[in-house]
Amino acid sequence: MSAADQAAERSKRHRADVAPGEAYPEEDIAKGIRGYLIGLGLAVLLTACSFAVVRMNFIWAPAIPVAVIVFAIAQMGVHLVFFLHITTGPDNTNNVLALAFGVLFVVLLIGGSVWIMANMNHNMMHSPAPAPSHAHH
Amino acid sequence: MSATASPGLAPGHDPYHLGGSRDGRGDSAATGRGAGGPAPKRIVVAYGFWIFILSDIVMFAAFFAAYGVLVGGTADGPKPQELFDLTHVALETGLLLLSSFTCGVATLALTARRMALFQAMMAVTFVLGAGFLALELKEFADLIARGAEPSRSAFLSSFFTLVGCHGLHVGIGLLWLLTMMAQVLTKGFRDDILRRTACFALFWHALDIVWVGVFSVVYLLGVIA
Amino acid sequence: MLGKLTLDAIPLSQPIPLIAAAVVGLVLLGVIAWTVIAGHFPYLWREWITSVDHKRIGVMYCILALVMLIRGFSDAILMRSHMLFAYKAPGYLPPEHYDQIFSAHGVVMIFFGAMPFMIGLMNFAVPLQLGVRDVAFPTLNSVSFWLTASGALLVNVSLVVGEFARTGWWPAPPLSEATYSPGVGVDYYIWAIQISGIGTLLSGVNLVTTILKVRAPGMSYLRMPMFCWTALASNLLIVAAFPILTATLAMLALDRYLGFHFFTDSQGGNSMMFMNLFWAWGHPEVYILALPAYGVFSEVISTFSGKPLFAYRSMVMATMAIFILSFMVWLHHFFTMGPGGDVNGVFAITSMIIAVPTGVKIFDWLFTMYGGRIRFHTSMLWSLGFMLTFVVGGATGVLLAIPPADFVLHNSMFLVAHFHNVMVSAVLFGAFAGYAYWFPKAFGFRLDEWWGKVAFWFGISGFVVVFGAFYILGLLGMTRRMQHYDVADWRPWILIAGFGVVLMLVGVVAQVVQLVVSIRRRESLRDETGDPWDGRALEWATASPPPVFNFAAMPQVHGEEAYWTIKAAAREQLSLRNEPDYAPIEMPINNPTGVVCAFFATLIGFAMIWHIWWLAVLGFLGAFATFVVFAWRDKAEYEIPASEVQRINRANRTTRLEALQGVGRRRAA
């Protein structure tokens, strides 16, 4: 594709609007299946990695949870790109912005809840109970 | 429209001092997200459903948060490490991933107006999804038989609710899938039915994303902990 | 067969709610009988109950809200009058009944008074302001409304069949668990809120999609009226927050129905987790209600000051900043539950930061008025009243955001005064301002100004007296939800609060009288042109009431303040824009999906409350069948012929042209 074609394509996408889940541009079925196959391949690979690091003890134990989380986030990204066709193109602005807000609220809710409740449990349950004071009676 | 019959005035009215966007300059001319007027129905419907899916994911986030907080609340009952069978989970994951692929092919078949391929792929998706659901129910039944029922401890309550909520979504998805197969069969490739099927595909793929969270956080991290 | 439901469910031992409910029921039956006998039912069914028109659904939301506000206010009267007799005495309401009343008061006011009012105003005004024909999903809109109505119905059924929750407006465990609340009260709460919550969520999805995807050509984001921006932020919050409430109440329901241990404080459960999740919804909810009201004030103040909104961009930024920040402050509702100083500190700081964008808004409104030619219409009075009283509520809020102060003041009458101060002055005043502002647009005639002003002055003075007294009672150490008291110092302030309620009652009565008087004198209050207030946004560019298709041709927006631009050109040239080329318009067909769906939802809710499992299954099947029937229909839209569009539009053009010629004559003279 020549530079002029690419510029034309870019400006077309800047004026266009795309539905979430809609593949862009309109493709023939074989090309579409290829996209889904790549997605499936990557997803299976990442899943296999996740299970492998847990099942086989070939990485440093404290790093395993981190590895699992990283693989999970990567796999979610693969699903978003290859199955839900969310891209960073200008035609996807609204779709990506909505997703970004969703991710923000999910992080705030899960992170906030775990932080607050852990702190509260620590404060309320595991601190040594102060001896009952009788001095003021 | 002939609202341009107001030379001099319209472009001059800029009380918000937005300068660049005056008379549309600097704005995208796209429909929907820009200044090009309402988006086509195809986009409106899918976007609305996208927003709904995101809200559904926030609901899952609440269940994840509950699980994260209560996972330690085993009340001297069974702990995650003693309960989960990773082979079983790997099998479930495989079924769901494959079903996402076949669902994708089904939407391609729909765009290409290929009825037989669409119905076949939807049927395969249904079988894979039903297989997933059957495996999950079997897991639940086994756990309950071993005395690890949801009323045993807060950990088990939150486990059954989180995983069960995903399973419930898969179940509803299967019902929707059958409805869409019947609808395409009886009504053909009508625009509104294409839009609905696109929403179904979004729903099915999104359930996969939630499942990635479930198998990573609940099962894999549960087994190490 | 009927689960837990027996004849004992009817609370014959409690005559007050029973008589009240009987009266309401009789009135309702009377109204229904009258509509059927007088032959109005087919019209109501065709044009309102099955309507998918956003304007009619908006009006029905507001009517539901007005009725439920009166119900909630009756609860308030009961509580305040009970307290008059509760000094060193038991009062006239037994504790178990008093507990139900304060719980129902909060639930009804928040979920079925404030929420439907705000959603109704947004439903009505947003598509008009965006210059489009309807919301993105018209039938879904009808489903949302009827699900909300279904929830409201369940709450009111609890007056006669069974009981309502005695737990306060949030069903706090472990009190709300089956062990301590074995009755059906909490179940009524759970199912009423779940059903109406789904309606609210769907309405949020609908309006977000409408604002982001369905706008007139040329209506870029930064040309939208401020009300559309605040509606966008509010509905984004609905979409992000309501699922948390749904999940939390589902967990509570699982605890109660199946013996789960989320919040039981036994078997590893944690009741504080309920507080955490509930307020993760609850604080955004405050802004879900307040933001649209801010939008109403922006529209009203700009219109009645005859000036564009000051610092529009900062207003947009402030709105979106509130939208994000409102998700980061929820812990300040439970500072005292035991988080450490670090956690409390972080949330104290975010809580104080959120006051900043709100302050920006106050200054923007002030500067909008500065130098303007202000007309003191009722809606403007409510806006001014809001600005004065809300600043006090905001200041006490910042005070309560300081954890050490909160440790002294939490759960006191000071807190009760604070949240009424913000919720009433922002949400309720905003609702009344919007009601007076858009009423002529909805019905084609203005509301009577004299009675409106009576309602305003009595309403606001009663409000100041009641909650002023509450602040002082809080500082004197009175805690909330007390059924009786014996502290002599509190006595005078409780009497003053009782007097304040009488003032508010006069205001409420004046509001009702205003409506009746306005309907009777509608001919003299007629809005002929469709632009009674010299407005600035597109809803004033069409007739009052607008035709079903809103605009004969979709407006082309060429600048900020879309309608003002058009009007200024017309005034300069003393002529209207050229007539558009009339084309046939496709509009969605009315259908009963919403009301049928809500019927089954009510069945499901009632069945779940009383453990009538077969009926619940039946309800689910019915709801699914309703959707299938809807999905299988072949014709979704009907066509309005171009000649009809032309006839309707010409009628409005004629009156507008006459008004314009009036302007021309005055200018010549």
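To keep things simple, chains are lettered A, B and C as they appear, and every chain counts its residues starting from 1.
In this text, contacts are C-beta pairs under 8 Å (C-beta built on N, C-alpha and C of every residue); 3 or more make two chains touch, one makes a residue touch a chain.
This one's a predicted model, so the numbers in the text were calculated from it and none came from an experiment.
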Q) By number of C-beta pairs in contact, which two chains lead? A) B-C
Q) Looking at C-alpha means, what's the farthest chain from subunit C? A) A
Q. With chain centres defined as C-alpha means, what is the inter-centre distance between subunit A and subunit B in Å?
A. 13
Q: Could you put a whole-Å number on the gap between the CA centroids of subunit A and subunit C?
A: 35
**Q.** Centroid spacing, where centroids are CA-atom means, of subunit B and subunit C in whole angstrom
**A.** 30
**Q.** Junction residues of subunit A - those touching two or more other chains
**A.** 94, 101-102, 105, 109, 113, 117
(Q) If a residue has to touch 2 or more other chains to count, which residues of subunit B qualify? (A) 28, 32-34, 36, 39, 43, 45, 47, 51, 54, 58, 61-62, 65-66, 69
Q: Any chance you could list the residues of subunit C touching two or more other chains?
A: 212-213, 240, 244, 270, 273, 276-277, 280
Q) Residues of subunit C touching subunit B in their complex? A) 132, 136-137, 201-202, 204-206, 208-209, 212-220, 222-223, 239-244, 246-248, 250-251, 254-255, 258-262, 264, 266-270, 273, 276-277, 280, 308-309, 312-313, 553-561, 564-566, 568-569, 572-573, 577-578, 580, 624, 628, 631-632, 634, 636
Q.
Which residues of subunit C touch subunit A once you look at their complex with the stated criterion?
A. 212-213, 236, 240, 244, 270, 272-273, 276-277, 280, 324, 327-328, 330-331, 337-340, 342-343
Q: Please name which positions on subunit A make contact with subunit B in the complex.
A: 14-22, 26, 28-29, 32-33, 36-37, 39-40, 43-44, 47, 50-51, 54-55, 61, 64-65, 68-69, 71-72, 75-76, 79-80, 83-84, 90-91, 93-95, 98-99, 101-102, 105-106, 109-110, 113-114, 117-118
Q.
Show me the residue ranges of subunit A that touch subunit C in the complex, using the header's touch definition.
A. 94, 101-102, 104-105, 108-109, 112-113, 115-117, 119-124
**Q.** Complex contact set, residues of subunit B against subunit A
**A.** 28-34, 36, 39, 42-43, 45-47, 49-51, 54, 57-58, 61-62, 64-66, 68-69, 86, 90, 93-94, 97-98, 100-101, 104-105, 107-109, 111-112, 114, 198, 201-202, 205-206, 208-209, 212-213, 215-217, 220-221, 223-224
